[in-house]
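Two complexes follow with subunit A in common, the first pairing it with subunit B and the second with subunit C.
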Partner chain A sequence: MNKKYIPYLLMLPIMVYTLLLIVYPLLFSAVLAFKKFDPISGLSLFNMKTVGFKNFIKIFGDNAFYESLFNTVEILIIGVLVQLIFSFLIALALNKKTTIYTGTALTLILTPLVMPMVASGLTWRMLFHIEYGAINGIISSLGFNSVNFLGDPSLVKASIILVDTWQWTPLMTLILFAGLKSIPEEIMEASKVDGANSLSTLLYITIPLLRWPILVALLIRITDAWKMFDYVEALTGGGPGYSSQTLSYYVYLKGFRRFELGQAASVSWIMLIIIYIVCLILVKILKPKTGESF
Partner chain B sequence: MKIFILKLFLPSILMISLNLGNTLMADSHEVHVVFQTGGDVLVAREFKDRFEKETKIKLSIEEIPGGNLYEKLVTEFITKSGAYDLVEFYPTWLGGFAEAGYLEPLDDLFEKYSSEIDPDDYLEGVQNAATVWKGKRYGIPYDGDVLIFYYRKDLFENKQYKKEFKNTYGYELMAPDTWDQVLDMAVFFDGREKGLKGIAMVSMRLWWAVGYWSSVYYAYGGRYIDENTGDIVLNRDAWNKANSVWLQMIKHAPKGVLNFGYTESKESIGSGKVAMGIQWATTVFVDPRQSSAHDKLGFAMMPGVKKADGSIYRAPPLPVGKVLAIPKSSSNKEKAFKFGTLLSSKEAQIWATVSGTGVDPNRRSVFEDSTVKGAWKDMISVYRSSLEIGVADIRVPNSAKYYDIISGELHSVWSGTKSSNDAFVDTLEEWKDL
Partner chain C sequence: MKKNNFSNVVAQLFIGICALFFIFPLLWTISTSFKPPNEYYSSPPKFFPKNPTIYHYHESFFPQFIDLNYSKKQAFWVEEAAGKANPVTPALVNSIIVTFGTTILTLIISIPAAFALSRYSFKGGKDMAFFLLSTRMVPPVVMVIPFFFILNYVNLVDTKIGLIIMYVMLNAPVCIWILKGVFDGIPKEVESAALMDGCTFLQLFFKIIIPLSKGGIITAGLICVFFTWTEFLFSLIMTRKDAVTLPVALSSFKLDRGLLWGMMSSTIVVATLPIISIIFVLQRKIVTGIFTGSEK
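Now for the complex of A and B:
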């Protein structure tokens, strides 16, 4: 065999994978967003009626879409900010002094990460249970009224954020801790020699040098939280009412409860475009200038 | 180089061949049946060995959680993979599935095996009618669900409570006939004993929670869709009255009732933590293994509304229920039919009832059986009467969409995030849009 074909041959599996599992579904959903799915004629795009922008018009005229969008944005902004603050503090504490317990502490902190999201959601659903949940058991034993974490519209989003924070703060901690470890000792020592105190070292040395890890952590978590589905399904089913329904859950309802596949595809594309723009802005703001990165 | 390429791809080729082989082997002699997780599948499991031994047909049983049943079935029907031979689902979906051509008409098979099946033994009424769409039979009746009213007999017969109630409300404390009386009693019993609440009912954001709420809505004359014309017949007055009653009931229900599914509601009634409850008629509540309040519970037909002539109009809903059907794409239709009719036989229904599976009978002969009478105790007459006058779920095509919309809107009302009237308007608009 001619040697010049070998690289192409080696690339073939990943090319096939990309075409079949990424490019084809993307194109399929892009066309589907302008079609009306009919259960009788099946999944062939050629048999589906083209409806132009009707799916998008329907979505933009649906109150449930705006409620889902608002819920998603609220959970995302509050959740990711809280996780960033917590993870930063934990990473700083772990980095302060490395002892024989640091590894154990890190392992324990990372434990929630290994749990499947649905299992976490179901576990927390039991913990939150108003009558039999451990959390309400503690609250009641302290003499307070039990709290309706998942049935009160004013509390339900906070409850979801709590679960999300519990599970995903460790990931951010890991990224930031690795970032802290990569800062050269010489820079820290030089700042001390120059008379910088702890606060100015943190503000002018540590945080600027952590811009890459922070950016990576934020990008991972924002894209993840944007498509939050598992916790909503396991904890609340989008209720009470629509008060915890996220965009992904809305897509699920449209796609798999109502089988309005065209509308579900159009919401997916709206979601993709929004998150793409958000990520671009974030990269623009946080990306270190040339020469700043390690 | 050739050897290198062979090494690279050989494992994949072997894996694919093995998988293909397994799939073909499995398809050639297995009947694949699909049930909802929970008590429903127990009947299938119980009769599996016997069926396999007698017919030499191998069965494989798959369980799907109820919440995912619709999406799994529709996905299978659309892709026409032929993976399922017998499926269990709710009658509310039958019209849509039949209309889309997903199901095999069963009239010929029913006729062929008529003497073994004895179709005349099925109770007349909606449960049986639920297997028929536009004159053709597509389903085998399986689980006969109907909602009835539960109350704590010991509390309702307590002399002190009877006296206090009469002094306060001016009428006798007894199983309620109307929804107004239910509200009085819920207020009366809420907190009267330590940990006691007024009433429990399923109020989660679920499609079949709408069936529970329909106990009140139907009684006030409300209906959803005219099956003959397909017209939406939502009734604003009945809607608002039903929501007003439901919101009052929520106030006297256990905390967290907005997250009550079947399990939570069953637990509240079965453990006697509530004075009253709405739930499916089931032997679960008279079974000491499953209900600690089994000897304290009384059963009544669903309350209604007093008419001008003094009579009570009751309309107990028949939410959920189950039918068995055969997908058109199945290649083992007759074999699957045989297993389906075995599960719907008198023998299977007696076993299901006595074993407390929650799968309830719909054959006349089963109601006459002494072991079933013993298992159902006082509940049997209430169950049968309710079954005969019950109101069916929405059955027109798109029923899942109708329920998805209305369940979200009603839950917004119950959680206080939307007014009843606004929810009515939004539901009507969205329904019309379908």
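Now for the complex of A and C:
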């Protein structure tokens, strides 16, 4: 057998899979975005009526779309920023030489990662409960009025951010802590010898050296937060009103509750294009300058 | 020096509070799953159950073993406010089968592909690798609509096979990237020595490469288990009755009239068990990986 074909042979299963279950679905969804689904024509793409850009026009005229977009962006930006700062602080604290039980503390901090996202959404829904929830129990035992975390439109996004932060700060901490550990001691000592105080060491040495881990953590979290669905379904179902509806949830409702599959496909493509551009920009900004290897 | 001590105390305190914050919800759920309804429907809530019971585990997984007189006998019992839900045992079985099938199939597809990407430089190899990686960025709702059509064409909606086929596609890219890293770590001399000794390609693959990368393959498999076990959106849309998985069954405890606290928390506890065990297996690897990384 010719040796040249071995890698192609080994790649064959994944290539077939990719063609059938990534390339074909993507093309399908791109075509579907310009079609109108109705029950009579059935699920065949050829029988569906082509409606051109009508799907997009309809969506851009839909207030719920804008609200979902702003909700998603708000939850993403605030959530990821909070998580980045929070996990950075934890990683710095864990990295202190005098900290005892670092391993145990890290294990305890990692517990949220064991829960399926739906399970943690439902757990927090129980904790948030206005009458019997643990958090309101604590609040009322301190003498305050109980808070309607999920029923108040002005609080519901903050509640979702809290759940997201609870579950995903640990992962970010893990990445940043690993990054901190890999900074050579000598650099830190040299900066101390040169008389840098801890703040300027942090700003001019630690953070620049952590560029790559921060980029990885941000990319993972931003792509995840952009597609947030599970928490919304488990905690609020998008309500009250549209105040906690995310784009993924909007697509789900459009596609599988109202069966506007064409419109749903076009919204999903808008989501894909936006996240693609964001990722490109992020990599451009944070990529180490040429010459550094990563 | 004194200032330094102060900042250390603050750091320790901070870590302690964080650990408490991160572990509290799981502990609370475990405690709720052992409470009878009149204890979790009480205000203010107490952390420790006064009359612990495993009734909710029976109710969720083995309703046939419930002693019908039990709830009558208990004076403290109140009716579950939200109503009733079906037991989740079938969903648990489905989840186990789907997770197992997905993991095996993903590994079968990923191992050769990762090996090819790691050892051979061939036309299009790099592009293929990056294309696979970039699919992780695609929001799942983009794929879920066409997948729904595809599964409909081939009549696999609401079947475990349909779910497995989809999940393999979602997991394979990540697995291939992990395994590529693992294979990159095996020195090439091992192979050339084996080939020199007259080893055939298949022998090389099964007798040398696979045993050498066992740890990495297990890690990739466990990550696949994790993603499959917790996946919700695809399962929600592609299943109706027969192939419902655990996360979807969990969300069915969220009834119009409220939550089924007891059944829900007992199912959450069971749903987290496999991942807890995975973390236990991986934890030493993760933590020591971080610590040894520093001593390079």
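One rule holds in what follows: the second predicted complex is superposed on the first by the 285 of 294 C-alpha atoms of A that agree within 3 Å, B and C clash if a C-alpha of one lies under 4 Å from a C-alpha of the other, contacts with A are read in each partner's own complex, and residues count from 1 in each chain.
By our rule, a residue touches a chain if its C-beta (ideal position, glycine included) is under 8 Å from a C-beta of that chain, and two chains touch if they have at least 3 such contacts.
All figures in this text were calculated on a predicted structure; none of them were measured in a lab.
In the superposition on chain A, contact of A:Asn148 is made with subunit B only, not with subunit C.
In the superposed pair of complexes, A:Tyr17 makes contact with subunit C only, with no contact to subunit B. By the document's definition of touching, both partners, subunit B and subunit C, reach A:Leu43. Once chain A of one complex is fitted onto chain A of the other, the partner contacts of A:Ala64 are limited to subunit B, with no touch recorded for subunit C.
Subunit A is touched at more residues by one of its partners, and among subunit B and subunit C that partner is C. With both structures placed on the common chain, the touch criterion links A:Arg257 to subunit B but leaves subunit C unconnected.
Applying the stated touch rule to the two superposed structures, the overlap between the subunit B and subunit C interfaces on subunit A comprises residues 6, 43, 129, 131, 256. Listed in rising order, the residues of subunit A touching subunit C in the complex are 4, 6-8, 10-11, 13-15, 17-18, 21-22, 24-26, 28-29, 32, 43, 45, 89-90, 92-94, 96, 98-100, 103, 105-120, 122-127, 129, 131-134, 137, 140-141, 166, 169-170, 174, 177-178, 181-182, 223, 226-227, 229-230, 233-234, 247-248, 251-252, 255-256, 261, 264-265, 268-269, 271-272, 275-276, 279. Within the complex, the subunit C residues that touch subunit A are 8, 11-12, 14-16, 18-19, 21-23, 25-26, 28-29, 32, 40-45, 47, 108-110, 112-113, 115-117, 119-120, 122, 125, 128, 131-132, 135-150, 152-153, 165-166, 168-169, 172, 176, 201, 229-230, 232-233, 236-237, 246-247, 250-251, 253-254, 259, 261, 264-265, 268, 271-272, 275-276, 279, 283, 286-287, 289-291, 293-294, 296. Taken together, the subunit B residues at the contact with subunit A in this complex read 1-2, 5, 70-71, 74-75, 77-80, 96, 100-102, 204-206, 254-259, 400-401, 404, 408, 411-418, 426, 433.
Taken together, the subunit A residues at the contact with subunit B in this complex read 1, 6, 9, 39-40, 42-43, 58, 63-64, 129-131, 146, 148, 150-151, 153, 236-243, 253, 256-260.
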